[in-house]
Each structure stands twice: as C-alpha cells, then as structure tokens.
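When the chains are written out, they are named A, B, C and D in that same order, and each has its own residue count from 1.
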Amino acid sequence: MFKKPLPIILPACGLGICILCDVLNCVDPYIAQIIMYIGINIILTASLNLVNGYMGEFSVGHAAFMAVGAYGASFFSLSVFPQSPVFFPLSLVMGGIFAGAAGLLVAIPAFKARDDYLAIITLALLMIVKSAFDNLPFFGGPQGYYGIHKFTNLSWAFVWTAVTLVALRNIVNSNFGRGIIAVRDDEIAATLVSINTKQVKILAFVISSFFAGIAGGLFAHLIQFINPRTFSLVKSTDILLMLYLGGSGSLFGSILGATIWTILLEALRFLGIWRFVVAPLALIALMIFRPLGIMGGKELGWLRQKEKLS
Amino acid sequence: MTNPSSLHLISVSNLSHSFGGLKAVSNFNLTVNKDDIWGIIGPNGAGKTTVFNLLTGVYRPDSGNVIYNGENINGLPSHKIIGKGISRTFQNIRLFRSMSILDNVRCGSYCRLGYPLWSALFRSKTFSRMEGEQTARVKILLDEFGLADRMLETAASLPYGLQRKVELARALASGPGLLLLDEPGAGMNPSELDGLADLILRVKKQYGVAIILIEHRMQLVMRLCGRVKVLNFGETIFEGDPCGLAGNETVVKAYFGDDNGAFVN
Amino acid sequence: MIKRALAIILPSTFALLLSSCSKSDAIRIGINAELTGSVPVVGKSCVNAAAMAVDEINAKGGIALADKTKKVELLVEDNEDKAESAAAVAQKFVSRRVVAMIGPNASRNAVPAAVVAESNNLIMISPWSTNPKLTENKKHVFRACFTDDFQGVVVAAFVFKKLGLKKAAVLFDVASEYNKGIAEVFKAEFTRVGGSVVSFESYSTGDKDFTAQLSKIKASGAEVLFLPNYYNEVPLQIQQARQQGFSGPVVGSDSWGSEEILKLGKGVMEGLYFTTHYAPDMATDKAKKFIADYQARFGARPDDVAALTYDAMGMLIESIRKAGSDDPAKVLSKLSTLSEFGGVTGVMKFTLGSGSPSKSAVVIQIKNDAFTYFDSVNPMK
Amino acid sequence: MISFFHQSLNALQLGSIYALIALGYTMVYGVLRLINFAHGDIFMIGSYLALFLAVYFHLPFVAIVPLTFAAIAFLGVSIEKLAYRPLRSAPRVSAVITALSVGIFLETITLAVAGPEPRKFPELAGYHLYKAGAFAASNVQLLIISASLLLMAALEMFVAKTRTGMAMRALSWDKFHAPLLGINIDRIISYTFAIGTGLASVAGIFVGLAYPIIDPYMGIMVGWKAFVSAVIGGIGSIKGAVAGGFLLGIVEIISASILPSSYKDMIVFGLLLLILLIRPSGLFGLPMQKKV
C-alpha cells in the first residue's frame, strides 16, 4: 500500500519538527502565529476548493461554516467536555460536524439552483448565520465568545492541515471525486452516466463545510476569542482570493495560494493602507497573465494520483 | 400481446409528453428484444431525442409506461435508470471535457463502484480492489476501441471522431443491457460510417446489448437496423422493415412535403 | 514548478524574518491600529495622536531614564480591523520587544490582542475598547477609557434624574459590540431606577435607512431617544427621526465625541446631549494645548480616540519615567498603580488588579454648533 | 394607514436605489456573464465625485448629475478595458476575482486619497416637505422615486427600441453569433458598462441626497444588496432588477417595522432563500433549460 515512502516520511518529519518546536518553544511566537494562520488558511482554501474548484460552484459563504465550526468547537471545549487539551480534537470534530450540518442546508438548494443563484444562497446563509450569532446571548452576541483556551499549536495546525489535504486528495481521486468533477463539467451528462448528482453535491458541500468548521475551531482556539464580525463577507472574500490566486481545482494551488497570500499581506504590513492598493493590483495582473491562477488547475507531486499504466 | 415474455428487454407503451402546448411525443410504443437493433428516424423536431430523454428519465412522461427487464422504471431519476442497465450517448457529444479519457470512461461505471466514503478516505482494501478491478475493465474497453494509448489525454483535446468513440465506451462502461445511440454517425463521411457500423456490430456481439439508434444517415440505418420506426411531430408514422421505407407515402411526405421525390441517401 | 513556488515563498519568508528583527536603541512603542477595514477613522486618529505624543517627548530630548535619556520610536501596524490580524500584530510586537503596545481600539480586535499580550507579558493599553471583558483577569492589559457598564449607568441616571424623562427608546447597531453592550446596560439600569424602555430597536452595521425602526419608536410614545452609535450614523438617525415626527431630546454616548458630528449633522444636532470623557470648553490647560496642537498639525479637531490615545501614551510615558527604566516589568509595576494621572480626558487612576481607570464622565450639550460642558459624573466607587 | 403610506415611500426610495444599482449588475451580466463585484464601489466613487464637484466647484445639481454620469461611465469603460477585457476568453471566475480585486482597490484608493472620515453630502436639491393633511412626502423622496422610475423606463425603451439596445439583447442572447450579424462586440460592451456604471453613479448621488453621509466602504453592503436584488429578479433581466430592487427595499422596511428589528437580516435573507428555492432562476429569469 505504501509504495512510496515520501508521503509518509515527509509528514512524519514535519510533525516531529512541529512537536519539537511546541515543546521547546524555540520558534519566534510571531512566526509561529503566522505559520498557524497559514495552516488554517490552507484548510479553508482547500476545503472551499472542493465546492468552488472541483465542483465548479461559486460559494461565497465559506466564512459561515467557519463560524459554525468556531462557535461549535468552542462550545464543546468550554461547556461540554472537561477543559483539557486531550479533548481538543474531539471538540474540533464536533464543530466540524455542526458545520457539516450547515453545509447540508446549502446542498439541498444546490440540487436546483446553480451558478450565481447558488452564490446568492450561500451569501444569504452567511448573513443569516452572522445575524443568528449576533442575536444569541449565550455566545455573547456581537460582544463575542470569551475564555476559549489556547489549544491550537503548531502540531495541531500541522496535523489538521495534513488530514485535510490527505482526505481531500483521497476523495478527489476516487469515484466520488470523479462524480464531483463530472458535475462541474456537465451535470446532465453526469446523471446520464449513472452519477447520483444529489449525493455528490451533498457530499461535496458537507465535506467542504466540515473542514471549514475544523479550520474555524482551530482559529477560535488560537485567538481565543471570536465574534460574529470576524466571519463576515470579508473573510469569505479572503478565502476566495487565496483559492483563485493559487488556482482552483488544484490542492497544491490551495497550499500555494494560502501561503503566498498570508505571507504577502504580513510582509507588506509596512505599507499601511497602500497594502490594499498594491495587493489587489498584483492579483489583477496575475489574473490577466495567468487567468487560471498560479497552478492553472494542475496538480503537483503526491497530491496527484499517478495512474498505473501496466 | 399478453404478458411480457422474458425475451422483451424493454417495452414502452403509450408514452406521451408535451412541452407546454406542444405535443413532443404521443402514444409511442416500442418493444425491444435482447438481440434487436432498432432505428428511430424522422425529420428534425420529430421528437426522437425526446423519446430517449423520456426513457432515461431526463423528462417525466405525461403518460405511458416503460417496463425494463420486467420492472417499471417510469419516473425513476436518471442515474437509477442508467444503473438498471439503460445507457446512452448524445447527439452533440457531452464528454467531461476537463477529465482524461480514462476518467471519463470510469465515470460511466460510477454506479458499479459500491464502496462507501470512508473506504475512499482511508484507502481501504475494498477501495483498492474495486478501483483496481474497475480500471482493469475500463482498460480492456479502451483497448477494444483503440484508445488505450491516449487514455491519459484530456477529452477536450481529442479529435471529433475519437470523442464519439469515448462516449460510446463510456456508455458501455456501466454494463448496460440496452444502448441508446443518438445520431452516432453525425458528421462522418461514408467510409467512417462503415467503420462505425462495424464497431457497433462488434460491440453488440461482444457485450450482448440491444440497441436503439437515432440516425439520419440511411447508410447506417440500412446496414444496422432490423426494424425502424419513423416519427413525425411526435407521432409514429411508420414501423417495420427499413426496406419498406422508400415505398411508404406517408414517410416520403413527412420528409419532402406533398411533392414526391427520391428518398435514398 | 516547485522551484518557482519556492522562489516566491523563500524570499518573502526571509523578508518577514528580517522585518521582525531590526535593532535600535530607542524605546519602542507599538501601535496596533485599525487603519483599513470598517473603522479607518479610528485608526487614523489613534496614529495621529500617538505620533504627536512621541514627537513632543522627543522634542524634549526623550524620556530621562535612570542611566540615560532615550528617544521614543513608534512602530505602527495596521490590523485591518480583523481579530486575527490584531493578534498577529500583537505577536509581532512581542517578537520585536516593544516596551508596550497601544491599541487595538475596537473591542473585537482588542480582546484577542489582549490575550496575546497577557500570555507574553506585553503591556497593552487600549485607548478606546470599552468592553468590560477586556481587562478581566489580566495583569498586563489596561485601557484609557471607561467601560460600557459605567457609561450606560451614567446615561441612564442622566436621562432619568437630570432630564426627568421616564419613557425612553433605544436604537442601536445589533452587529456592533460597543453599541449593543451599552444599549443593554442602559436598558437594565434605566428600568432599575424606575424608568421604562418603551422601544428597543436595532439595525445592522452599514444600514442607511432607519425609518421603519424610528416610526415604531415614534409610535411607542417615547419621550427620549438614546442612540449609542457611531458619529457617522447618528446624524442620519436623528435626521430620519425628525422626519418621522419624533421631537423629543436625543441622547448619545462617547461614540458621538468627534466634532465631525457637527459637520455631518449640521442643523439637527442642536441642543442634544451625550456623555464623554472631556469637555473642550472646560478643559484643563493640558487639554487646551492638545486640542490646539492637534488642530494645527492635522487640520481637524481631535476626536475621542485621539484624546484617549494621547492619554494612553501619556500614562505609558509617565510610567516609564517613574520606573526610570524601559524594562517592561518595572514599567508595569508603575503603570498598574498609577495614581492621579492628569490627562486630556480627565484625571485617571489605576488600582492594582484592575486595568480600567477610575475616571469621571462629563455630559456635553451641543450648543451653537459647539460641544459645551453640561454636567459631570464621578466614578461609581 | 398614514404610517403605511410613509413606510411605502421609504421603501420605494430605498428600493429605487437598490434597483438603479442592480440594473448595472444585470446589464453587465447580460452581455458578459460577469458578476461585476466592483459595481458597489463604482457607486461609492460616483457619490464621492458628486460631493467633490459640489463642494470644490460649487456646481449646481443639474450640472452635477450629467457630469458625474459621464465621468463614472468613463471610469466603468476604462475598468472594463484594462481589467476585464483581457480576461474575456478566460474562465468566468478569473474575471470575478478580478472584479473583487478592483473593488478592494477602489475602496482603498478612496480611503487613501479622500481620507477615512465620513463626509457630509451637501443638500443639492434642498429639502421641502409637501403635506396633505397627515400625509407628507419630501421633495428628495419624490425626486428619487420619480427620477429612478424615469431612468428605468428610459433604459427599457433604449434596450427595446434603439439599434444599440437591440445589439445588447442580441449579445446577451448569443455572444458567439452576434458578431456574425455585424455587431461590434467591444463597442456594445463598452456601451453597456457606460450605462450600467453611469446609473450606479446616479444611485450614488441619490444615496447622498437621501442618506447624506458617505464613506469609502459604503459601496460594499449596498452593492451586495443590489446584487441580491438583481438575482431575485432574475439576473440578466432589466425588469427583474427593477422588481428585485423594489422587493428588497419593501421587505427590508416591512420586516423592520413589523417584526423585531434585530432579526431583520435573518428575515430578509431567509425570505430570499425561500424565493430562490421556489423560483431558482429568480422572478423574471428564464428557467434553466435542460437541453440534452
């Protein structure tokens, strides 16, 4: 099963380094924080890629799933489970499950509506979720949800990024993944070659939002405070920009897009306001010269499953 | 005319469908046996493709019944109907353009891969076995169609003739009992048509499928079809041996209006 | 492709590392401000006032420490009005070993930054975050303003006792933490003292039409309208309230405290009241000088954020001077027991264990297109 | 009854602003299949430009409207030429991402140039209240509602009757065959952008009149809501954009005046979901065709 050692050794080394860094506390906390943001952004971008890239929809509501995951995971880690890092992964998964359930709510209208109509449906969901959290006194409304413990560290960020990428890779390179891409290329033809498009859409939306929820949970347990405004349209727009910067339909593109965008914005901080004049101009230029994003839909390395040509 | 014998693969009775006020298909009847190749011909807009759409669940018929293998498949969603063994190609080729030929054909057997999601997630043994078997099957199919050496190319990059072949291979991948071919000969020259006819006959023999063929090219119809049905404005105006076509006045009228003229390709 | 990707990623990582480790001898103070995002005015005022404070102290040669006099250097970073950016900026300041961080201003950004500051022993003073939770259980986090709790109580008492009105209506931004927090405190307190809140209406950030809510308020028979909203929205709300036929007095909170509101609400603001930190006409000499200097330098009257930032800087510089050292631990011990600091926004005092200053509030009435002193309210304790 | 009358006026005023902006979305979408996410920010620029002309050049209202229209139309055409045209044959999302970037760029450049302070929009048209018994309407409300209706009618006429309008319709119907009929695609697209963004700039002026405080980020929320209007109406349809705009305005006002206002967003967007579930192509959109 594991013919190539690289896919095992590389993550293992990475995890080893992360654990070492966490234990010895030897990485500059600022750099560590940025690396964790990059991890969270990769999860967000790659999971959005499943719906926007592979399935060809245009969801603008990814921040909503992130919000559900963030609130859900925080609720479980604060109020349900004992407040111990041991239960952190479980809280994250619970947050992910809630986010996945929210994803189901979008999948159902997606049976009928497509394209821009679906974009509006996801937008509406985002507004509703935000408005709901604004009106929930339990979660502090706009004042935000406090007291979340800092359980996210380099190791967890790494583990979940790796889990997300492996899971998405395995799904994309399976019967289900082919179904998802078939829906993008030609939905009617897809049903007429026996693909259950409803099932495929549910699957894509639920998995995508599940991982967005995981990212939300990691995010909440990193900055230890969340409020509804964090998960606004701006957040969704950021994820969209990272996705299409790297190139949709490519997991490696998502890694690149999230990494470059996060580092670029951080490195350009000294520009102040002008950062948001320069960054969009750069993005426009990129789109003109590489309309498909950096990767242009191509996959790289282990993320692309090689066909055995016997 | 009694109960459907086991020989009847599909029997369609009184199928009707209209778009708004327009009767696209009315009272369509057809019984296909296991070894048949039926042809459906008729002028443009006669409702031929609509019949295919009704059979494959794209549209729900207003009335009528479709019995396939002794089972009423009327009103089932498309993917279930395909899963039961009816498979089709399209008038204007509808391949999954961004996918490789291999993946296109694999999609054709989507319904045959029954592993659960977690199996794909964790790359379980079931997953590897089923995917391996499927890939092997698909490769044999592609070999037969002479596509094996190009199977990693994307569908959009292939020439037209090969795209038609890929579509046919994709339709066969689900292991159908009945194959619906919608104008497979469109845009081909006479010698290519001969090659296509050979291919269809070979496929039929090898996979034991019954075929319903929509076609304008009489060369193909005459060579392949044992029986033909002629539609005009949704009505069946002729049914029988293709040799009887040229002499039938209604058919000639449908194509050429009231003045008579030659009706041979 | 990998090479090309690395060619992009590596230099930028390197640049990132470089930017976080420059060395200089000055006392470094970080500003974590909302320069872009939904409240850029806040960030701009904050940076302006901080720059002014720094230039003043540097013009005098710097801060005299025990061994030598050091100049002050300001590191300004934009947090985009995003929680994660605010936290990243705080983390960056930790790495760059600043003595203290001023900001962020909005509570949604200040709280996550405070978490970072507390766990990294970084002194943080938020000029403007009024959320009571900000300083709870934290040793290193301070604010220069009073809290929503205090101000809500002050407004309720003012309306009930001074104005003598018993039926109040509130219109607030439900999606903004400041507005909602203060609205709720007001409602509770106003009911407690014996008044009744007959209409409690809300809208969301960015709305421009409030007519539906305001006509409900009019119909409720309220005698007074409380608008704890930002000054860029308040004039619209008052204008629309008048158009809906509401003629009673309107009361606001410190978020009105920018003289921009007079320009934006020309003609509709006359005679209205709000609570804030200081009254320009009753100001101390220090405040008068600050207002004049600010106006001369930036061409605009300072708003509440500018004044509070100036005071936050003042408290910090005072503590450094008292400590005679730029060692954060020593500065912290002076700051957390700072007593009787006479700032632009009044006299402030920290008691150990609470990062919120005890300071008084003033009520201002808008008269002849100017903020005029009306009343002052002392701290609760 | 009286309150109902006043609320209707308010709803119509808000609705006509949404509708004017939605028209730009829908026209551009019609010919290019592009959701121009920068549209809301172009509307904001229109508002700023009008303010600038009024405050620094002391121009009268009648001069400001055509000047702003022309200048913003030029801006819209330039944006199309520089940013969208190179992407015409690229996948749709590339253009959408470019549009998002253009939007961020316009917001930030305004922030940097004009400063973050909100600005008071001058009372260009004055303010009078016309009263008839208990009924009252302001000249601003009447002006906005009537001028918007007039503009929409003019646009409908333009699209239905003129050669350019016909070419627009042809292009939105079939962009591959339109050039074969001798239609100059580039020119028609430029016209479309000019009209669409021009209308948004008029909406910008109207917003300034009705809600006279403007800031660099005001385009975001209004822009999204106009987009929502366009989609509810059936994106690509002019009638739909108008209907969607008014519907959204009315729903917002009614839900805030009858139901608890803190749930307003939930109710408005919930209703949206409902409409789209029942009519997935919007009110006036053609149902998606299943062509096999």
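Simple rule for what comes next: contacts are C-beta pairs under 8 Å (C-beta built on N, C-alpha and C of every residue); 3 or more make two chains touch, one makes a residue touch a chain.
Predicted model only: the values in this text are computed from it and were never measured.
Peer 1: Of the chains present, which has its C-alpha mean closest to the combined C-alpha mean?
Peer 2: Central chain: A.
Peer 1: Relative to chain B, which chain's C-alpha centre is the most remote?
Peer 2: The chain farthest from chain B, judged by C-alpha centres, is C.
Peer 1: Please state whether C-D or A-D has more C-beta contact pairs across its interface.
Peer 2: Output for the comparison: A-D.
Peer 1: Between chain A and chain C, what's the gap in Å when you average each chain's C-alpha atoms?
Peer 2: 34
Peer 1: Roughly how far is chain A from chain D, going centre to centre by Cα mean, in whole Å?
Peer 2: Distance between chain centres: 32 Å.
Peer 1: Using mean CA coordinates as chain centres, what's the chain B-chain C distance in Å?
Peer 2: So the centre of chain B lies 72 Å away from the centre of chain C.
Peer 1: Using the touch definition from the top, which residues of chain D touch two or more other chains?
Peer 2: 108, 111, 220, 262, 264-265, 290, 292 - these are the residues of chain D that touch more than one other chain.
Peer 1: Among the residues of chain A, which are close enough to touch at least two other chains?
Peer 2: In chain A, the residues touching two or more other chains are 130-131, 134-135, 188, 192, 273, 276.
Peer 1: Give me the residue numbers in chain C that touch at least two other chains, ranges are fine.
Peer 2: Residues 36, 40, 174, 204 of chain C each touch two or more of the other chains.
Peer 1: Show me the residue ranges of chain C that touch chain A in the complex, using the header's touch definition.
Peer 2: Residue list for chain C touching chain A: 1-2, 5, 8-9, 12-13, 15-17, 19-20, 35-37, 40, 76-78, 82-84, 87-89, 91-92, 94-95, 107-108, 111-112, 115, 119-120, 131, 133, 174-177, 179-181, 204.
Peer 1: Which of the residues in chain C end up touching chain D in this complex?
Peer 2: It comes out as residues 36, 38, 40-41, 43-44, 174, 201-209, 211-213, 215-216, 219, 232-233, 235-236, 239, 243-244, 260, 263-264, 266, 300.
Peer 1: Enumerate the contact residues on chain B facing chain A in the complex.
Peer 2: 56-58, 77-79, 82-83, 87-88, 90, 94-100, 102-103, 106-111, 113, 115, 117, 120-123, 127-128, 131, 135, 152, 170-171, 173-174
Peer 1: Would you pull the chain D residues touching chain C in the complex into a rising list?
Peer 2: Going by the criterion above, the answer is residues 3, 6-7, 10, 13-14, 108, 111, 115-120, 129, 138, 207, 210-213, 215-218, 220-222, 252-254, 256-257, 261-262, 264-265.
Peer 1: Write out the stretch or stretches of chain D touching chain A in their complex.
Peer 2: Residues in contact with chain A: 29, 35, 83, 86-87, 90-91, 93-98, 100-102, 104-105, 107-109, 111-112, 220, 224, 227-228, 231-232, 235, 262-266, 268-270, 272-273, 276-277, 280-282, 288, 290-292.
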